[in-house]
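Both of the next two complexes hold chain A, though its partner changes from chain B to chain C.
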Partner chain A sequence: MPIRDDVLVVGGGLAGSIAALSAAEAGASVRLVSYKKSTLRFASGLIDVLGYPNGDGPVSNPYDALSSLPDDHPYSLAGEQAIRDGLDLFDEVTADSYRGSHTDANALVPTYGGTVKPTARYPEASAAGLASDARSMLVVGFRSLTDFDARLVSEHLEAAGVPFEVRGAELSFPEEFRADAKVTRFANALDRDEEIRFAGRSVGAREALAETVKPRLKGVERVGFPSLLGDEHADEVRADLESHLGVDVFEIPMGPPSFPGLRLEDALFAALDDAGVRMSTGNPVVDYEADGDELQAVHVDQKRRKVPYHADEFVLAAGGLVGKGIDSNRSRVREPIFESYVPHPSDRYDWFDTDAFGDHPFARFGVVVDDEMRVLDRNDAPQFANLRAAGAVVGGADGAAEKSSSGISLATGVVAGREAGASI
Partner chain B sequence: MTDTPHVVVVGGGSTGCGIARDLAMRGLDVTLVERGNLTHGTTGRMHGLLHSGGRYAVSDQASARECIEENRVLRDIAAHCVEMTGGLFVQKPDDPDDYFDEKLEGCRECGIPAEVLTAEEAREIEPYLAKDIKRAIKVPDGAIDPFRLCVANAASAQEYGARIEPHAEVVDVLLEDGEVVGIEVEHASGPGKRVHRTPGSTEKIRADYVVNATGAWAGQIGEMAGVEVAVRPSKGVMTIMNTRQVDTVVNRCRPKGDADIVVPHETTCILGTTDEEVEDPDDYPEEQWEVDLMIDTLSELVPILKEARTIRSFWGVRPLYEPPGTGTTDPTDITRDFFLLDHEERDDLPGMTSIVGGKFTTYRMMAEKISDHVCEQFGIDTACRTADEPLPGSEDFSVLRDYMDEFGLRSPIGRRSVQRLGSRADEVLKTGEPNPVVCECEAVTRAEIRDAIEQSGSDLNAVRIRTRASMGNCQGGFCCHRMANELYPQYDEPTAREALDELFQERWKGEVHALWGEQLSQAMLNYALHATTMNRDGDPAAMDGAVDFAAFDGGVGVDASDGETGRSDATAADGGTRRGER
Partner chain C sequence: MSDAEHPADESNPNVAQDDFEPVQVFPEADEMDLRPGADNCYKCTTCDSACPVAEVDDEFPGPKFQGPEQWRLKRKSDEDIDASVMDCSNCMRCDDVCPSSVPLSQMHNTARGEFVDERMEKLSREYVRNRILANYRTMAELGSKVPRLTNFVMGLGVTKLFNEKVLGVTSEREFPEFATQTFREWWDERGGPQVRSEDKRVAYFHGCYSNYNTPEVGKALVRVFEEFGYEVVVPVQRCSGTPMFANGMLNDAKRAAGINVENFSGLIADGYDIVASCTSCSMSLKQEYPELFDLDGIEDVSAHTYEAMEYLRIHEDLEGALADSSVPEQSYAYHAPCHARNQGLDRQAVELFRELDGVEIEDVGPSCSGISGTYGWKEEKYEKSMKIGEEMFEHMHHAAGEVGMTECPTCSMQMEHGTGYEIRHPLQVLEEAMA
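Coming up: the complex of A and B.
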C-alpha cells in the first residue's frame, strides 16, 4: 500500500515544523520527512525577526523596517501579516516557554560573544537577562568551559554600553568533571540533581552550584549562566537556583550543542505530535516523480531502496547551505532534490566577499519563490504547480547579517503550509 | 674588541632563525628582526616537505646530495618537527620510462636510498593511487612542520642570548662612510612581544654586521642599502585537504610540471604547486585556476582528491636567484641553489651580506655557511654545532609516552600534544590546572595555547602557528573565540577582541579559495555562529553611536518606550514545567 498524505514536508527544522503545523491547521493530513538532526542544535533558540535591515541597526521595531527591504526579500513576498501569523503560531506552540509577544519591540539579549543582539522572541530561560533591564548583573562562567569567559563577556557588555552594572566571575564547577567535560555533562548533572561532594558533605548539584555562586553575588539582582542549566528539567533547575540564590537566573545562548535550540526542537516535535503530523525521520529524500508540472511523489532512500512518498502538495524546507538543502561543487550551486533553480554567479570567486563579515552572496543562495512560496524556475514560472519552499532553502536574504533567519522560517513556513493545506 | 660583535639578522624565516641560532651558539651577540610573525614570509607558506633529495636527483645533483644530508640531520636535531612518512615517485602510463630510470640512477648516485616498487606494491603503501600507475620509486621523503622548526630555532637562539624581534619592519639600512652600521626598524606595537593596541615605535639598531636573510624580499633591503639584489620571486599555490588521503609523500615521476606533489601534513594533505614569476612578493594574484589545477592534475595520480574536501589554499613566493647574466626565462629552470652575496666584495659596501635562493630542507646548511662567513669577518673560528645539538623540544624524544593518565587527557589529544611539544611536553602541560581542549579539530589544549601566548603576546596568529589551533576543518569557526578567551585576563577586553577579529579575518582569507561543497557549508555555519548567535558583526561595542536601550523590550510588564526598566516578572521562580516534558 503506497504511502500517501495530503501534504508532504521535507525538512524538520523550524520552517518545516511550522509549515507542517500550518498545513495541519488547514485540515490537511500531513507528513514530515527529515533526514539528519535539524540544524536547531546549532542555533541559539532565539527567534530573530529583523535587527539590522540593510546593514542598519540594531532597530527596535522590526516591522517599521520591512518596507525598506528589496522586493525579492522573503519578507517582501510573504508580507508583514505572515510574519505576525508565524509568530502567533510559534507562541501557541511554545506556550509559556518563550517571551516577547507582549510587544512589537525587539529585545536585546546578551550573547556568548559578549555582545547583545536584537531578537523578537526569547526563551523564558533568557528572559531575566535582557539588556534593556537596568538591574545589576553577574555573569558566571566555568573555568573548564573554553567557549565563554564570564569576565570577558561582562567587560564586553560594558563596552557595548549596557545600562546596568555587570560583573563576571569564573568558577570551578562543584564537581570533579574531567577537564574537557562537555556542556551536556554539566546539564545532565543539574537535570538529575546528582549528589556530589561539596564542602565536606553530599549535596545536590543544583545546591552545590548555587553555594559556589553565592559568595560572588554581592548584591546583584540577576545572574547569567552559559546555557547549560539542565536539559529536560531546565525550568526546575533554574527555579531551584533562583530559590537558593534569591535572585533571578538566566541563560546566555551558546553554540552547538545548543540547549535552547534542542529544547525548541522538542517543543516543535511535541506540537507536531499533538497536531497529528506523521513523522518519518532518518532517511534522505533523493529523488521525485512528476507528471507534467505536477509532482506525484518524492523518493526516500531507505537502506538503498527508493520508497515513494505520495502527496498532493509538497513543501521543501530542507535548509540552506548548513542543512544541505542547498549544495554546491566547484562549478555551481544546486538544490539537490528537485534541481530547482538557484540563482548564483557562475564564477565561484564571486560567491563571497573578502571581508569575513562582508556582504556574502553565498549567504543569500537559495531557491526563488513567489508570494505563495511556490518554487519558481529561471523564467519566473512555477517549477511544479504543487511545490512550495520555506526557511533557509529560500534565497534572497542574508539572515545572519540581518538577524532575520528565524523570522523568515516562520513567515515562509506559515505561507507555504497554509497555501499547501488550502490547495487540498 | 673585547665585547662580542653585534650582528643583526634581518628575516625571521627558517634561514634567518637558523643563522641567529648558529651565530648565538658561537657566542656572538645577535639581534633578529622580522617584519611579521616568525615564518611570515616564505617559510610559513611552503608545503612542509622534508626533501630526500629525490626531487633534484636528475636536474640538480649537488642540491640532491645536500638534501639527503640535511634530511638526516633534521631527523636528528628536530625530531619533534619531522614525520618520516617516506615518499614515492609514481609513474603514470604517459610518464617517460627514460626519466624513471634516470631518477632511480640519480638517487643512487647521490646516496639517496631508493627502491623500485611494482604498481601493486606501491598501492599496498598508498591504496588511493590511481589504478593505471606503472610503478614507483620509494625514497626517504618526509613531512616537516616549518612553523615548529622555525620557532624552535628562534627559541634556541634566545636561550643563547639572542634578541628576537618579530613585528619589527626594517625601514632603513644605516650607512656611515660607505659602510653598513645597522638598521632602523618600526616596531608594530613596541619592542618585545606583540600586544594589540600598544602604540608602535621606531628603533635604530647599530650593528657591526648585517645579514640580509629576507629571501624574496632581499632586493628591498638591498635597495635601502643602495645595492642591487636581483631576486626573482616565483609564486606557488598550495591547496590543503581536510584529511590525509595519503600517508606518504606522493610525487609524479616526470621531468617537471605544475601540480605534481601531495604531502601528508599532520591531519591534512597539502597539494602543490605552481611556479610562476611575479613582480612583487607582496602583491600578486591568487587565482582560481591555480586551485583547480592542483585538484584536477593531482587527481590523475590520486583520484579520490577530485571528490575530497579542501579547507583552504595559500600561496608562497620562492626567493629564486641566479647570478647576473644567466638569462633563464622559465622560473622552473632557475637553480634552487643558494648564493651568499658579500656586498663588500660585490658592491664595495662593507658590513652586510645577503643570502638568497636555497630551499627549506637545507636551511641549516645555508645558515652554517653564512655564519662561517660572518665569523670570518670578525676573525672568529668557533665551529658550528647546529648539526649536533638538538633543538628545543627535540632534546629527549623518548617522551612519547601515553599521557592520558598523567595529564587527564583523552588519549589521542595527549598523544598529539606530546608529538607537537616533544621534550617540552612536561614543561608546558604540567600546569596543575584543568586543561580542556580549545581547538577540537587539531586537538589543542588550553595549556598549549597559554604557552604560545607566553611566547608571542596577544598575537593569535602567532599562537596559531605554534599550536595549529584553528587550522583544521572548521578553520577557526569553533575555536577562534576560545583562543581569544585565553588572552584574558592577562590582556584586556579590547585587546582580546581585536586579536580575535584579526585571526578571524586571517582564517577567512585562505578559506575563500575552498568555498564549495562541504567547506562552503562550513563557512556558512561559521558565519551563522559568529554573526547570528554571537552577533559579532553587529556588535554595539564596535559601532559608532550608542544604542538606545530604552527603546527595546525590557521584559514583560515593562513598557519598551518609557525607558523605565522595572523588575521583570518573566522568571518568577514558580518551577513551571516545560511543555512536552518527557
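Coming up: the complex of A and C.
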C-alpha cells in the first residue's frame, strides 16, 4: 500500500505552506511535497499585499485599491476576506517576529537598493527602520560585503525624500574574515557571539561590532545594518547591539541569501511540523495519474525513479517562472506537471514589452483558476475535479510590479487549502 | 536582489534548466566534461549559504568556487585544481539547494580525484592517513577477526597518541567498537534467508559499519523485511565508496563499485531490489556510481536501490502495520543525515514514529552533524567538525529525548561523542514495534 494522504500540496514556498496549514486546519491529513528550497531564500521576507495597483502608486491602503483590479486578478477571484484570512494565518505563524497587523495601511520599509517599499507585514528586525519615522539614521555597510553599499543606500533614501537625516558608513567587520567571506559566516559569528581579537583583547563579536560602529554614531537615533545580524538568535544579537550602542538597531532586507527569508522559512516549517503536516522535500513532482477527471496520484522523481504519492485532493503551488512552476521555452509557456492551460500569445515576441520596465505579459503568465482556486482548462471548465492552485503559479497578476506577490500567495493559499480540506 | 529594485520574475534567472542532465555529458568513461553544468550557475550563492564547512572555516572558499568557478578556470587555462577542494566534506548539501541543478558534488568528487592523483604526494602523511581512513573496510576486516583485542588496543592511550602524532587521526575520538560477531557471521550461522518468495525479494547492502560494528541494525533489517514476507539475500560486497569519494580515492572507489555492481546487478533480473540501511550507502549506489563511473549494470543498480524504510513506505502499508502496535515509552532526538536529506528522506522517521504508540520523536533541526564520514576523524579537521556539530548537540540537549536516532553510522558517532547519548537506528525501533 503506497503513500497516501487526504490532501497533497505540491510546492513548499509561501503559497504551498499556507495552503497546507489551511487544509490541516480543516482536519485533513496533509502532505507537502517540494523540490528545491523555495524563493523565500532570495525574497526579502517582506509581505507585500498591494503597493502599485495597475502600475499606479504607491497606495497607502491596499484594500481601498482592490476594486480597481481586473476581474481575472487572483485578488478579484479570492476576495478581500481571503486576503485578511491569509494575513491572519500568517500572523499566527510568525507570532511576535512580524509587525504590521495593527493597521490596514502599508508600512514603508527601506530596502538595500535605497528605495522605500510599501508593504503589509515586515520583520520585527526591520521595525526600527521604517521610513515614516522621523528619527535620524545611520546606515552601516561592510567593505567586504560588496552587495550592500551603505553610502548608496543613504543617498538613494535621501533622494527619495525621506523625512529624516540619513548617513552611510562603510566599515571593516571587526574580525579579519577573508575578503569574500560568506554572509552566513558573519551571521554565525554574531549568532554565537564568537570570541574574536579586537583592539588587542578578546571580546565577543557583538561587542566588537558595536565598538566599531560607535565612533560613527555622532548623535543618530537609529542604526541600520544589512540583514545579517544573526540567524537563530537574531533577537539577542540586535538587543545586545542596542544595549552597547544605546540606540535602536534594525536590519535592511537584502538578498540572496536572505536571512529574513530564511527565518520566515523556519517559522513556516515549524508551524507545518506543529500542525502535523508531512513533508517530503528534495525531489520534484514530474507526473500524475488520473481516472477520468479525478487525479489519483502524483509521481515524485526520487533519483530517477518515479514514486507515486496518492491523495484525494491536490493543490499546485509550484511557483511561477522563478519557482519553476511555470516553464517556458522558445515556442511556448507551459505548466510542466499537469500540462494545465496557460494562456499566452502564440508569437513569443508578444510575450514581453519592448520597454524593459513596461507592462510585460509574461509577468502575468500562469494557470487559470475559478473563485475556489480550481484549475480551469481552455473552456473554463475544471481540468480535474480535485486540483486547485495557489501562489505565483496562478496567472493574472504581475506580483513583482504591483508589489503583491506574497499577499497573492497568502490569499490564494488559504482558499485552495481550505476548499481542498473541506472536500475531504 | 530584492524585488524592490527589479520585478522578481525578470531579475532572477532562476528558471528551469531542464536541458542539462549530468549523466548525459560524459563522452568517455574517465573524461568528464562538466562545463554545461557550470554554465547553469548564475552565482546566486545559495550553495555557499548552505555549506556547513564555509560556515565555520574562513579559509574554505565554498561550493560555488569548488564547482562552477573552478571548472570555468580550468576551461580557460590549464589551472591546477585548488587544494581547498580537500576541505569539502562531501556532505552534498550544496547539491540539494542549488536552484539551477548544477551538479556540484559531482564536480567536487571529480576535482578531488584529479587533485589527489596529480598533486598529492603519495608518501605524504596526509595521503597515507586518508587512504587508511577511506579504506575503513580493510582495517575493519582485520580488526573484527580479533574484535576484543582490537577494541582493547584501539582504546589504549598509546595507540591514540600514535594515530594522532604519526597518522594525523585525532585522539579526541573513541574508535567504534568492533562487534564480537559480524553481521555476515550471524547471517551464515542462521543459515541465510528464513523466508522464500517469488515476488517479494530484496538484496541487502549492509555496508561496512553494520557488518563490523552494529550488526544489530542489519539483523533488524532482516527481521523487519522477513516479517513483511520478503526474501532477503546478502550478496558479497565491498565498501559503498562514500569515504573514498570524500578523500579523492576514485580508483579505490571504482574498484569497490565494480565488485558491488557485479554482485548486485545480476539479481535485478530475478526481481530483487536493493535496500541499504545506511543513507550514505544508498546515496552512493543511487547517485554517485552512475555520476562517476561507467560500468555495466550501473544504471540498473542505481534505479533499483532504496533506503530500507523508503522501500517499505513505497511498497507496504507501513503505517497500517504499526497502527495497532505499541512499544514501551521511549523518546528520541532525531537527526537527519545530510545524505538522507539529499534523497528526500529526512522526514520519514519522524513522520512514522510520531504515530507509533509509546514513541516520542523530535527532529533536532536541519544542521549538519559535522563529522561527514572521515572528515571529523582528521586531526586538523576535528575542531571544525565539532563546531559544525554544535548546533545539533544543542538541539539534542533541548529535545525531550535522551536517546538519539539517525540512519547514518558516522552521524551517530558524532551524536554520541558530542552528547553522550546512546544512538539507535530507525530500523531497530521498527523491529521492536513489529515484534
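Following the convention adopted for this analysis, the second predicted complex is superposed on the first by the 424 of 424 C-alpha atoms of A that agree within 3 Å, B and C clash if a C-alpha of one lies under 4 Å from a C-alpha of the other, contacts with A are read in each partner's own complex, and residues count from 1 in each chain.
Keep in mind that, in the parts below, contacts are C-beta pairs under 8 Å (C-beta built on N, C-alpha and C of every residue); 3 or more make two chains touch, one makes a residue touch a chain.
This is a predicted model, so every value here is computed, not measured.
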| item | value |
| --- | --- |
| Which superposed partner A:K324 touches (first chain B, second chain C, both, neither) | both |
| Contacts of A:A234 with chain B and chain C, given as first, second, both or neither | first |
| Greater residue coverage of chain A in the superposed arrangement, chain B or chain C | B |
| First, second, both or neither for A:G399, with chain B first and chain C second | both |
| First, second, both or neither for A:Q296, with chain B first and chain C second | neither |
| Which superposed partner A:S76 touches (first chain B, second chain C, both, neither) | neither |
| Partner chain in contact with A:V307 - chain B first, chain C second, else both or neither | second |
| Touched partner set for A:K36, first chain B, second chain C, both or neither | second |
| Touching partner for A:S423 - first (chain B), second (chain C), both, neither | neither |
| Which superposed partner A:S280 touches (first chain B, second chain C, both, neither) | second |
| Common ground on chain A, meaning residues reached by chain C in one complex and by chain B in the other | 42-44, 111-113, 115, 117, 178, 180-181, 232, 253-256, 258, 320-322, 324, 327-328, 360, 362-363, 399-401, 403, 405 |
| Residues on chain A engaged by chain B in the complex (per definition of touch) | 42-44, 48, 51-52, 57-58, 60, 94-97, 99-100, 102-103, 105-108, 111-118, 124, 127-128, 130-135, 143-149, 151-152, 155-156, 159-163, 178-181, 221, 232-236, 238-240, 242-243, 248-250, 253-256, 258, 263, 266-267, 269-271, 320-322, 324, 327-330, 347-349, 351-352, 354-357, 360, 362-363, 399-401, 403, 405 |
| Chain A contact footprint on chain C (complex, rising order) | 1-10, 12, 14-16, 18, 44-46, 48-49, 51, 54-56, 58-59, 61-62, 96-99, 286-287, 302-303, 310, 313-317, 320, 341-344, 346-348, 351, 354, 363, 390-391 |
| Of chain A, residues touching chain C in the complex | 1-3, 36-37, 39, 41-44, 111-113, 115, 117, 177-178, 180-185, 188, 192, 232, 253-258, 262, 273, 276, 278-283, 300, 302-305, 307, 320-324, 327-328, 336, 360, 362-363, 398-401, 403, 405 |
| Interface residues, chain B side, partner chain A - complex | 288, 292, 295, 408-410, 413, 433-438, 445-446, 478, 481-482, 485-486, 488-489, 492-494, 496-497, 504-505, 507-509, 512, 515-517, 520-521, 523-525, 527-541, 546-558, 560-561, 565, 567-568, 570-571, 573-582 |
